[in-house]
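Note that chain A is present in both complexes that follow, paired respectively with chain B and with chain C.
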Partner chain A sequence: MRPRKGNLSFLVLIAAIAMLPVLTSNSYVISIMCFVAIYGTLALGMGVLLEHAGIFSLAHPTWFGLGAYFAGIVAIRGIAPAWAGILIGAVCVGLIAYLIGAPLLRLKGYYLTCASFAVLLIFEITFAQFSSITGGHEGLMGIPRLTIGTIVFRKDIHYYYLSWGLCLACFCFLYNLMNSRIGRAIESLHDSEVASSCMGINVARFRLLTFILTAVMASLAGSVFCFYIRFTMPTIYGFALLLEVLTMIVIGGGKKLYGPLVGAFIMIWLRELLHGLMRRILPVMTSEVDAIFFGIAVIVILIFAPHGLSGSLAAFVNKYRRSA
Partner chain B sequence: MTSVNCNGQEPLLAIENVGKNFGGINAIMSLNFCLQVGGTVSLIGPNGAGKTTLINVVTGVYAPDRGTVHFFGEQISGKPAHIVASKGIGRTFQLGEFFDSLTVLGNAMVGCHTQGRSGLIPCGLRLRSAKREEENVRETALENLRLVGLEKRAIESISQLPLGERKLVGIARALGMKPRLLLLDEPAGGLAHHEVEKLVYVIRTLVNRGITILLVEHNMPFVMAVSERIIVLDRGLKIAEGPPTEIRCNPDVVRAYLGEEY
Partner chain C sequence: MSLWSEIVQYTISGITSGSIFAIIGICWSFVYLIAKVMNFATGEFVMLGGMITWSLSLKGFGLLQSAVIAILSTTVIAAIVERTVIRPIKHGTELTYIIATIACASVIKGIALLMWGSETRLVKPFFKSEPFQVLGATLNPQVLCVIGYLVIVTGSLALLLNYTLFGKGLRTCALNQINAELIGVDTKKMRLFCFMLAGGLASATGIVTAPITFTGYEVGLLTGLKGLIAAIVGNWTMIGTVSVAMGLGLVEAFSAGFISSGLKDLFTLLIVIIFLVLRTLTFLPGRRWIK
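Our next item is the complex of A and B:
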């Protein structure tokens, strides 16, 4: 069980997130923070899957993409109100994750990793090929603004509160869960499935439960993402997104629940800052040089924080407490 | 029902003609014995005798290739480990198999998993029922840690504990399942003398609480101190069974395992 410390820090964080739009009216900052929340939600679920349950599935960006497509298609075709598309997407993704996860999770180790990577590629191709529904390679355009009742989400600030609301709700849910019998069962899977099953834990059931739960969270983040950028295309949800999310987990450290959120924040802001800097120094080939410097920055972070920033922070706090 | 004779009583555990192969190697060959309720029975034998394999067969980690295992008259052989555990069979592991990402208390609380009922939503939303259950589980886990003398180390990471204390955490974890039968796989292995003495006390306390113990161990003074009956295995076969005084003098056991100097 993880000791329940840091409730005050969490309240301070919520207050800071709530106050940010009051402190700055810079739409660029608000927009980047929306992406931090959306990608953070995605990384949060994948962090639980990889680092807490020990299920090395790479299909996570697929659930994000499916959530985006379901919500986008429902909204464009007027099948249901736009907000209902988010829920429809979550339910459908949960069902698809169940149907795929039940056979997939019988595999372990590299076999599971390879099979889940195949799922990622298959869905990316499917998004591109079913052009009559998904818009094909050109993508799904003209996604209407999100409306909930009479509230129309027009501005960045609306999506800021929506995306951070979702992110913090997912975080709180997972935090409570990981501090309960279900969370302990999930954690135990990572260390020893044999010992878990001998403690009465149905290993297959808990692996599938974690897989579906984190897929649904990714779907919700994907739906908000599609309404925010009002556009979606297959390549967004492929290998590049997988690498980004994995990098967020590695930078932030997956052992702490908040690690992937820290990773999302650092990675997105670092990339933006480097891009801004490089554009001034090297106006041509900015993105290529960006990638090199970004890679170097990630390596430097990992040299000094091999367990991710959250792991190093926790180690520092423990050391400080012992010396105090 | 089982055909194994257990002094005319319904056995707690009945092993009937159980066999287990790994490739061409017979780890266990047609093993028969039974346990009655209460007391400590030890399973001894040289390395490779099939002791741990038998524990794995009883707890559902392995399905036997032949024979059956009955627990209180119900056939449990071939059933998944989590179902066997829910019937009231707890165990510890030779190599620990601890949950290193959890604290000592967390490990003990995982053992209480079958005592809880709260599902995903009550746990995720921390509803009152889940909260109450969590408090009860914490109390039970702390009580089990108190029994093995480790409640003061509850919030430490299990990886910070020495081997002897980790093994005691393994017992506290298994007690969370409220087992009727507890299988201990080499609990004294690698322990210092004072730690073994503590283990003897813990085992006697558990027996007094009505838990039946099947002990796999190489530390013979410890085995002799806690066992009412000893079963000796050699290369997958039972070569002797009886009280400690009888086993100590059995020439087959002396030749196969104990040695002349014992």
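Our next item is the complex of A and C:
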């Protein structure tokens, strides 16, 4: 069974993204759109994890950070070519996610949330403390440029196509996955694990599968991110990133697959707008100050539009179609 | 410093931080049991208590006055959080409440950063006596205040919950919301009360501990999280929470002293993960007791 309904809008989206650098040569817009793609990939995976599979894991930014650190360390030490670092990172993160996920996913509800939050903080501390490998609090500096074959990724535009390629590939993969037999099994976990195990679904296996798949996606995004900004720091991948990703998922809404992507787009552009507006009033705009505005936004959306903007949009379109 | 006096010193600091975690854990479990909400803003209430006291005492208020104002204002903030954030969310899942309270926590933290800056602050000790020597280790008199505060809080809560009609209403509410409503307990009022109580207790904790551990806009997250760990591992009961919190404090103090102060949080977090996973095993011999 292959879904065809959304194909046209998906093609339009791809065309729009491919045409954007042609329409504007503004490197600021291009670089912000890179961040949208990278954070969007991360939020996409976490949205599937939280809202489709019903696994309340908060450890997702950890996989992003691990991907960045693996790729960065491989590139700096010259263990392998830079592009291989991305793949090595993905494989290693998949293994680590398996080793951590297998015992952790036995937990349910609040307990899983707390244990995964502990995992997030443990990795944040580990990145900061084992300074001989990870560079400590200052992080890894001087990550070389990404080269694939003879192509050197030098400009924003290269990373723009790389990150959007990754993002759309992940989206495509998840879209097809969620409409397949495996996807419907994952979807059923969210509503009732007892019912789905009665239907012959191996609950533990599918929970672990979703966990590892989304972890690998986050790791790929993290590796691209580290080559794009060319340094890594432990604080980037901790609680602050978790807040940002949760904000994206809540704003966009996780029930629709594209929701977190919409959320990432809105949140990152809103943040840029906010920084532009507030620069005169507030001298420092750290992520904690951003969190005031986004915290309020999250609360307002949770109260008035519990399914996020994509959910509200879908409800509105449905209503309009029915009345017309 | 001999090994023996080092051990005494670490035990003292372990019990001190254990008492802090115990009270915060009680705040968490109150809100969790009665309102069925994980209140991630608990740690920020601790921070608010310390910071408000610091800023008021800087403006020339006495210690007692500023402490009372800090506790009252934090209680009001906690009530505002319950009324404007938790109550309007309809049909929330566990995750919705977690995200909502995390958002509240980050709003509070951000505003504290804007108002008071990012430096760590020190509140003056309550009593002007010198630290005294116990078995070769130094004992700060403020430590006695912390332990006394823990004893007062647990004692009065035990009295409230067991011997008053209101306390029995709270316990009914924790057992079953619908039944509590049927026998005439105003569950909405109870939910509001438990949020306010948690806010007040947490801010008082922040005030009592500020002279020892310093205070700053960012102390909330980890302190709050360790309280949560104590509450979860202690299975949400008061005795369990206090004993686990003491254990956590001792582990932290000894690992900070003998291994590395940067890694002390790592050990406590690892212990809680291992404990939570062990709980799920069905073949463990002692399962009846740890569950």
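Keep this in mind: the second predicted complex is superposed on the first by the 293 of 324 C-alpha atoms of A that agree within 3 Å, B and C clash if a C-alpha of one lies under 4 Å from a C-alpha of the other, contacts with A are read in each partner's own complex, and residues count from 1 in each chain.
One rule holds for everything that comes next: a residue touches a chain if its C-beta (ideal position, glycine included) is under 8 Å from a C-beta of that chain, and two chains touch if they have at least 3 such contacts.
What you are looking at is a predicted structure, and each value in this text was computed from that prediction instead of being measured.
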| item | value |
| --- | --- |
| First (chain B), second (chain C), both or neither touched by A:I182 | first |
| First, second, both or neither for A:I122, with chain B first and chain C second | second |
| Which of chain B and chain C A:M199 touches, first, second, both or neither | first |
| Partner chain(s) touched by A:I281 [first = chain B, second = chain C, both, neither] | neither |
| Touched partner set for A:L23, first chain B, second chain C, both or neither | neither |
| Which of chain B and chain C A:G295 touches, first, second, both or neither | second |
| Which superposed partner A:L8 touches (first chain B, second chain C, both, neither) | neither |
| Shared chain A surface residues [contacts with chain B and with chain C] | none |
| Contact set on chain A toward chain C in their complex | 50, 56, 103-104, 106-107, 109-111, 113-115, 117-119, 121-122, 125-126, 128-129, 239, 243, 246-247, 250, 282, 286, 288-292, 294-296, 298-299, 302-303, 306 |
| Touching residues on chain B, where the partner in the complex is chain A | 59-61, 80-82, 85-86, 90-91, 93, 97-103, 105-106, 109-114, 116, 118-120, 123-126, 130, 133-134, 137-138, 155, 173-174, 176-177 |
| Chain A-facing residues of chain C, complex | 38, 84-85, 88-92, 94-96, 98-100, 102-107, 109-111, 113-114, 217, 221-222, 225, 228-229, 232, 260, 262-263, 265-266, 269-270, 272-273, 276-277, 279-280 |
| Chain A to chain B touching residues, read off their complex | 1-3, 52, 173-174, 176-177, 179-185, 187-188, 190-192, 194-203, 209, 213, 255 |
